[in-house]
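Alright, structures below, take your time with them.
Look at the two complexes coming up: chain A is in both, with chain B in one and chain C in the other.
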Partner chain A sequence: MNSADIIALLPLILLTLATIAVMLAISFKRSHGLAAGLTALGFTATFLLLPAISRVAPHPVTPIYLVDTFGLFFSGLLLAASLVVTLLAYGYYETRSGFREEFYLLLLMSAMGGLVLVGSTHLVSLFIGLELLSVPLYTMVGFSRTARRSLEAALKYLVLAGVSSAFLLFGMALLFAATGSMDFSRILEMGRSGDASSTPLMAGLALIGVAVGFKLAIVPFHLWTPDVYEGAPAPTTSFVATVSKGAMTAVLLRLYLLAGGVIPDSTVTIFSILAILSMFTGNLLALMQNNVKRVLAYSSISHLGYLLVAFLAGGEYAVEAVTFYLTAYMVTSLGTFGIIALLSDREGEPELLQDYSGLFWRNPVAAGLFSLFLLSLAGIPMTAGFIGKFYLFAAGVDHSAWLLIGSLVINSAIGLFLLPPDCRFHVCRSRRKSHTNPSAGKRSGKPARADARFCGYFLVWGLPRVPDSSDPQRDNRLNSAYHSF
Partner chain B sequence: MSLVWLILIPMVGGLVAGLVARKNESLCRWISLSALILDSGIAINLFAHHWLGLDLPTSTRWLVEFQVEWIPRLGAGIHLAVDGLSLLMVLLTLFLGIIGVGASWTEIKTQVGFFHFNFLWILSGVIGVFLALDLLLFFFFWEVMLVPMYFLIGIWGHENRQYAAVKFFIFTQASGLVMLLSILVLVFTHAAGGELTFDYMKLLGTPMDGTFGLLVMLGFFLAFTVKLPAFPFHPWLPDAHTEAPTAGSIILAGILLKTGAYGLLRFVVPLFPAACQVFTPYALFLGVVGVLYGAMQAFAQSDLKRLVAYTSVSHMGFVLLGVFAWNDYALYGVVMQMICHGFSSGAQFMLVGALYERVHTREMGRMGGLWTTAPRLGAASMFFAMASLGLPGMGNFIAEFLVLAGLFKVSVTATSFASLGLIAATIYSLWLMRGTFFGPNDKQWKIADLNARELSLVAALVAGLVFLGFYPQPVLKAVHPALEALQQSTAQAPVPVAMNRR
Partner chain C sequence: MLSLLWLVPTLPFLGFLILLLFGDRMTKTLVGIIGAGSVGLSALLTMVIGYQFLASPPPDHAFTQVLWTWFEVGGFRPEIAFRLDALSLVMASVVTFVGFLIHLYSIGYMHEDSSFSRFFAEMNLFVCMMLVLVLGDNLLLLYVGWEGVGLCSYLLIGFWYQEPANCTAAQKAFIVTRVGDTAMAIGFFLLVTQLGTLQVQDLMHKAGEMWEPGSGMAVAATLLLLGGAVGKSGQLPLQTWLPDAMAGPTPVSALIHAATMVTAGVYLIARTHALFALAPSVQFLVAVIGALTLLLAGFSALVQTDIKRILAYSTISQIGYMFLALGVGAWSAGMFHFMTHAFFKALLFLAAGAVIHALHHEQNIFKMGGLAKQLPVVFWTFLIGAGCLASIPLITSGFYSKDAILWYAFSSEGGSIWLWMAGLAGAFFTSIYTFRMVFIAFLGEPKGHIHHRPGPVMLVPLVVLAFLALFSGFIELPHNFAPVQMFSNLMDTVFHSHGHSHEEHSSAALEGILQLTAGIVSLIGVAAAYFLFLKDPSKVEKISSTPAGSFLQGFLLRGWDFDRLYDTLFVNPLMALARINKGDIVDSLYNGLASLTQMGHYRLKWIQNGAVRWYAAGLALGAVILLGVFIFT
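Right after this comes the complex of A and B.
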């Protein structure tokens, strides 16, 4: 191993060092701030190193790991997202008691798995990266050990992820049997030339497809998503939504690049069906949810469906489209879950849509940002989501993938149905309504009690003559009544 | 650069007004007003130069042009330009914007800052739509109008505002997506033969033949006729107009509908002359149905605001007819209709809003005989009812007459049916007056008459309409070169356009 190898591997080495440092710090002195600080430091330092490393790129370190600008870009994306998750987690766990320092340990290891994935050019590194990413996630999902739903989500994720790993391994075995190689480019070459016996190769690819589909939560491998999103603590959810899916997309994109941007027709057909199914399932089911995290889970399913459109459309825009869409999606997802984490406190997270009603009047900044992120998810101009969606359209039109584009248009429209209820719930409801829900928003001692009392007042006096919310005088009267408590 | 300022001043004004409102609500209103007046100053300055023929190029198509790169990778640029048509539309926008700020002076009491922020951003988006000559930029501004309008209806509207806001949003956004798709198809078709660009001037003349061209054209047509609105795509309009606050209704009816008409004029016909020729009979049919159906619906309403909203559907039917007749008379008529309908419907919504502020109902059944207690309000309403029914001496008459005269050359049948719309307009306008102001004051209403602020706004609108009714020449002269250029761009197309049809 020469010095260039060491330099190329520096991100992984640094993250390992950070992991060890956090572990030692925990064993000597349990301090939430110290653990979070070390983690953030580790991510930041690694992130800042990337430009320097790009000087040695492209550089293959052993046959299984490649450091190139593509991988470094995605490493940067994953590191930035992980850093944001760290900050979210710090705010989130600061209000909670119990063992929380280990969360950062798991976070660091999982992020390292993501970094291995984006550089993998070989089935072995793919598997190592995927497991390193997933195993800490099992614990992270179930990190709220006293919450029933968190444990349920963790168990579900553990079982399903285990099964998908089994699929992956079996698929790899078949590929190896068919081609005699575990190197991506070699396998693709064999597949193209048709040297290998076709059935094991196809079967192997299909099984690997299942595992990839599971990680990306594409229909029909999406069933874990809503439960895990709902049950996991908000920082974990944001990690699952961004880093885990982002790393997997990067692997797909690398395969696409190695294949020279050509996808066999049969694969296109299968993935088209999955993409269309994902879009419709995600969007339609999201409409029926009452829980914000479930809504976002279903919407993420549809977003990954959109992302597949760009892949399938192929052409010169595909890589650009996928990269941009993924980046925009990651930023937006981090934002939405960030707001959820920000608004949650010791008693729990604001989960139901109703919890957000009147948010605009209570916490205008959070509400404004939340609206912005939702608008970006819906792809409204002046947000990154719009440019992302624009790229998808362009990629699709460029390649005349009309069926996919048609579903994309229809689903964007359905997605709009999804957006207004959210916006409406927290933006447009009058001030009065927000006080009917004592579990909503900022609660600290006195106001909470006043809230509850006001609620009682309202239930007794208010309901029989529901005031016209558009009448400001009424509002003022109710407010003065509220303040008199 | 002045074009950039036209767009930026309302945006910045909106931001400042929104921030100031926490401290001082009255200052916020004054800031919005002065931003709009400052912006009008720029627009009037341009117009005066144009009108007097001062130091502006007359040889080129555009009076002022601004072009810089935006996303070169995609061939999208920031290309703004103004000709007589867009300049008039910008002036109308700013004028009604000022009226809107004035009309909401006492109506809006909650979240004043956010209201003015949204209001000015809508105006900025609309001005952008009128100025943009790059299709991606155009689409961008097209959507910029949308979100603030959604908030405007959803937060400050009447009882059923949530429903109306969502309906408005989904109708316009979904049709906008179809337009985006059409834009991309157009751009990539153009790129197949050369350069990847979103520039309007370069895209003109891209061959789009047969069914393919028709489908792409329909994408644009859908977005613009939803906004216009034409007959089957109008259901969002009565709800949005009825539930919006007064200022929202004024700019919805006065300006936002005109962006649809402008889009048809500027983009649909010039970009797809051949497809439009094929589509003309259907478009005329939709126009005639819109005129008559809107009028019938208006007559059936008991909610005052809903009634006025449906009259917009009827009047905008004339715009659709005029655009697809595509000859001199009809196009002049379309431009006149856009301006005069902006004035008259804006005024009607303002008066209805003023009435609502006083009697707290929009049900005609609960009014009646209001003339005795508020004669000035009654007289003003009477004036605009007359304008709306197309009484000679007001701009609306000129507009509808010109459209019908132009349409006559294209289709006699369509003209005869569309003329019935004028009779229907008389019926519903008088019905409106009868229900509210005439008759005995059974309900014993005692309401304040128009105050000085409202009177001055009404007077400005009245003066505008009468001036245009007696002397439409300034408008016609100002848009002449623009319309000429538009017609030329279709005449160069391989297939002669609808104007030669008999």
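Right after this comes the complex of A and C.
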């Protein structure tokens, strides 16, 4: 292992060090602030290192892990999201008693799993990364040990994720049997040239597709989503919604790039159907739903459906469209769950829509930001969500994927119907005694509020600068990612 | 300094934000300081920028400031950019400076009002939007500003919303201008799709390259733009909203419905003058509309009794002059009249407001009378404004600007003796109705009781505007007077060769004769007003008491019965349709869609039953489907 290898692996090394540091800190002295601080420091330091590391990129460390600008970009995205989750968790757990420090340990490890995933070029690293990402999540979902629903969610997640991992492993075994290789590009190459025996290869891909679909919560692998979203503590939910799905999308995107930006026709049909099903199922289920976390779960199902549209449309816009949509989606999701975490107190989280009525009069900043996030999720102009959708439409129209575009249009309309009433809810003065304590917003700590606000600023001000020529850095990263294959 | 251009619209916007958020908790003094101060600073900045622009002109006599790109997708690249050239400089200067004086005046005028901060918030927003409109570099910003001022106009006409009539007037203004706005929006779409750019300058350039003069595209585009312009500027056939818009507070009428917003149509045509030059037939139509409007509105102004309605009709008529100028290709003369009109009409409105304020909201001129002695400053400033409006020869700015229009209406390529005669007749009626107002309201026997006298905060803007109204004419003298053509020289940097090719085939002597005629006509008008309304009003009464006379009076009073015509033609049929369709047939489609999706929800709900075995079965089912599809296709 030479020095370039070490540099390339620095993000993983740093996160490992941070994990050990948090572990040691817990064993010497239990301090919530210290644990959260060390975690935040670990994420920040790693994030800040990324530009330096991009100088050695692209650099394969062993045949299974590639450090390139593509991976680094997504690493940055995941690290930023993890940092926000850390802040949310700090605000959230500060008002709660009991053992809280271990949460950060799990968070660090799970984020590390995400980093492994975005750099993986090999089935082995894919599996390691996925498990490293998932296993801590089981505990994180069940972290509210005294809440029945949290434990139930953890158990469901554990069982179902176990099933999906089994599918993944079997799929990998089939691929290896068919191609004799575990390297992505090699497998894809053999698949294209037709050298490999086709049945095991296709079966393997299908089974891996099951695992990917499970992680991304695509219909029909989506059933776990609402229960887990609802049961898990809000910071965990935000992590599941962003880091976990983001890492998986990165893997998909890498496979797409390795395949040269082409998806075989047979796959297009089935994935189109799944995308359309996801959109409709997510939106329809969210329609009459009264629980905000479940609404967001369903909405995430439909959003991943939208995301698939960009893939399926293919072409040169796809990478840009997927990346932009994912980023906007992550920011918005973090924001919404951040607001939920922000408004939580010892008695629980504000889950029902009614809990938010009159929010504007109790906490105008939170209400304004929440509305902003919801509007962005619905894709209202001037928000990131709008530009993300614009990309999807552009990508779809470019490739005349009219069925997909039609579903996208219909679902955007249903999504619109879905979200703005929430905003209206904020302003209506409620006569009912609200579950949420009026001072709830004040109690649950500044960091959570600060990062919610940060997301808001990004949405409004950050976006005009994102589109390509005006952000050369991102563009370069994407381009080099594109050309490095 | 030019790079501070973005601050010019931003300052009033900040004022708006502050007043919107914290206005309720501020004292009236603070509200006044922020409301007037933000526009004042903006005016100061505009002056400094304008000075620098004139002293050391940027290349091409235009400065573009790109603030940021909104987004860029597939070659569509709307920029947030401001452009300063001679045209937008003149517009922005008038908007900020006259706007500032009116804001200052409003501190006194609106002082008793309980919604003081709301008033200034909306006024500040208006100034911001107007600046966006005139400074915007592309159609998108232009449109934002255009609709923004429309919104503010709506809000401010209905400012006293407790009175249902005011709300009706506000709605009328909004809906009638909307008719034009829709045409304009379609025109914009046409331009963007045909020429492929949002940038106004690029559009003009490309239109010149791609479209033959008189081609169908150019005619269609300019006709649609003209639709927007006549709506906003209260020209035929969409002029009906402007007299009713006087329901707003008088400073609003002065700022929005006299000096600035209603001239947006003039600005739009001037800004896209290259397009209109490609469609000579439409350009001629502009002149005809202007000539007809100035006559029609002038007649109506003759019989009005409400001082603000007289001024409103005179505004319509004066904008008619501007359209006439644009229609004959005298771009710079049209803009010059815009400027002088902004000064003297704002002055007239503010002075009328001072009278209305003093007489406790009395607007009928026949209940005024003898105000000259009671309110001397108001009288003299009003007289100066009236002199400018009636274009009293040599000493008033109105004479110079109107004379330029009349001259070009006669002599330019697009002009004709008919247009000139229409303008001349309009000038005659203008001076009659103007001095009718002066004689009846300010001279004669006192009839009303003065409640409160205007304080200095109201008088200072009057005096400043009176000064500007008198002397702003001297920066642009007729060619046969003296070689002082500062204004048109400045404007030539925007309009280039357009509009000035006609100077050769005209003689100084002819110009002199026409000027003399115009001057005499306006003086005769004043004299006629004196004999008819001050010396011996019995004759007028005698005529108006005859059946034909009273019918004519009522007909003109109602603005040629356009309202009744439109009610019969459009409003009533539409209302009848609405009544028939009370249940809304179209809605049932959407309601059906909504219940369909709702049904979908209930049909789907059962899949989320919370049982892990069912969820795992879902996974397995998915796996089977995927396997099947992957293996067998």
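Side notes on the structure shown:
Just so it is clear, the second predicted complex is superposed on the first by the 427 of 485 C-alpha atoms of A that agree within 3 Å, B and C clash if a C-alpha of one lies under 4 Å from a C-alpha of the other, contacts with A are read in each partner's own complex, and residues count from 1 in each chain.
In the analysis below, a contact is a pair of C-beta atoms (placed from the backbone, for glycine too) under 8 Å apart; a residue touches a chain by one contact, two chains touch by 3 or more.
Note that the structure is predicted; figures quoted are calculated from it, not measured.
Partners chain B and chain C, brought together by superposition on chain A, clash.
In the superposed model, A:A4 lies in contact with neither chain B nor chain C. In the overlay built on the shared chain, the residue A:P220 is in contact with chain C alone; chain B does not reach it. Of the two partner chains, chain B is the only one touched by A:I405; chain C is not.
Of the two partner chains placed by the overlay, only chain C lies in contact with A:V163; chain B stays clear of it.
Shared-chain residue A:I20: touches no atom of chain B or chain C. In the superposition on chain A, A:L48 makes contact with neither chain B nor chain C.
More residues of chain A are touched by C (comparison of chain B with chain C).
Applying the stated contact rule after C-alpha superposition, one finds that A:M202 touches chain C and leaves chain B untouched.
In the overlay built on the shared chain, the residue A:A394 is in contact with chain B and with chain C.
Among 79-87, 367-375, 421-429 or 511-519, the region of chain C with C-alpha atoms clashing against chain B is 79-87.
Residues 390, 394, 398, 417, 468, 470 of chain A contact both chain B in one complex and chain C in the other. On chain B, the positions that touch chain A within their shared complex are 74, 109-110, 136, 139-140, 143-144, 146-147, 150-151, 154-155, 157-159, 161-162, 165-166, 169-170, 173-174, 177-178, 180-181, 184-185, 188. Chain A meets chain C in the complex at residues 155-156, 159-160, 163-164, 167, 199, 202-203, 205-207, 209-210, 213-214, 220-221, 223-224, 226-227, 266-267, 269-270, 280-281, 283-285, 287-288, 387, 390-391, 394, 398, 414, 417, 463-470. Residues 375, 380-382, 386, 390, 393-394, 397-398, 405, 409, 412-413, 416-417, 420, 423-424, 427-428, 468, 470, 472, 475 of chain A are the ones that touch chain B when the two sit in their complex. Those residues of chain C lying in contact with chain A across their complex are 68-74, 80, 594, 597-598, 600-602, 604-605, 607-608, 610, 612, 614-616, 618-623, 625-627, 629-631, 633.
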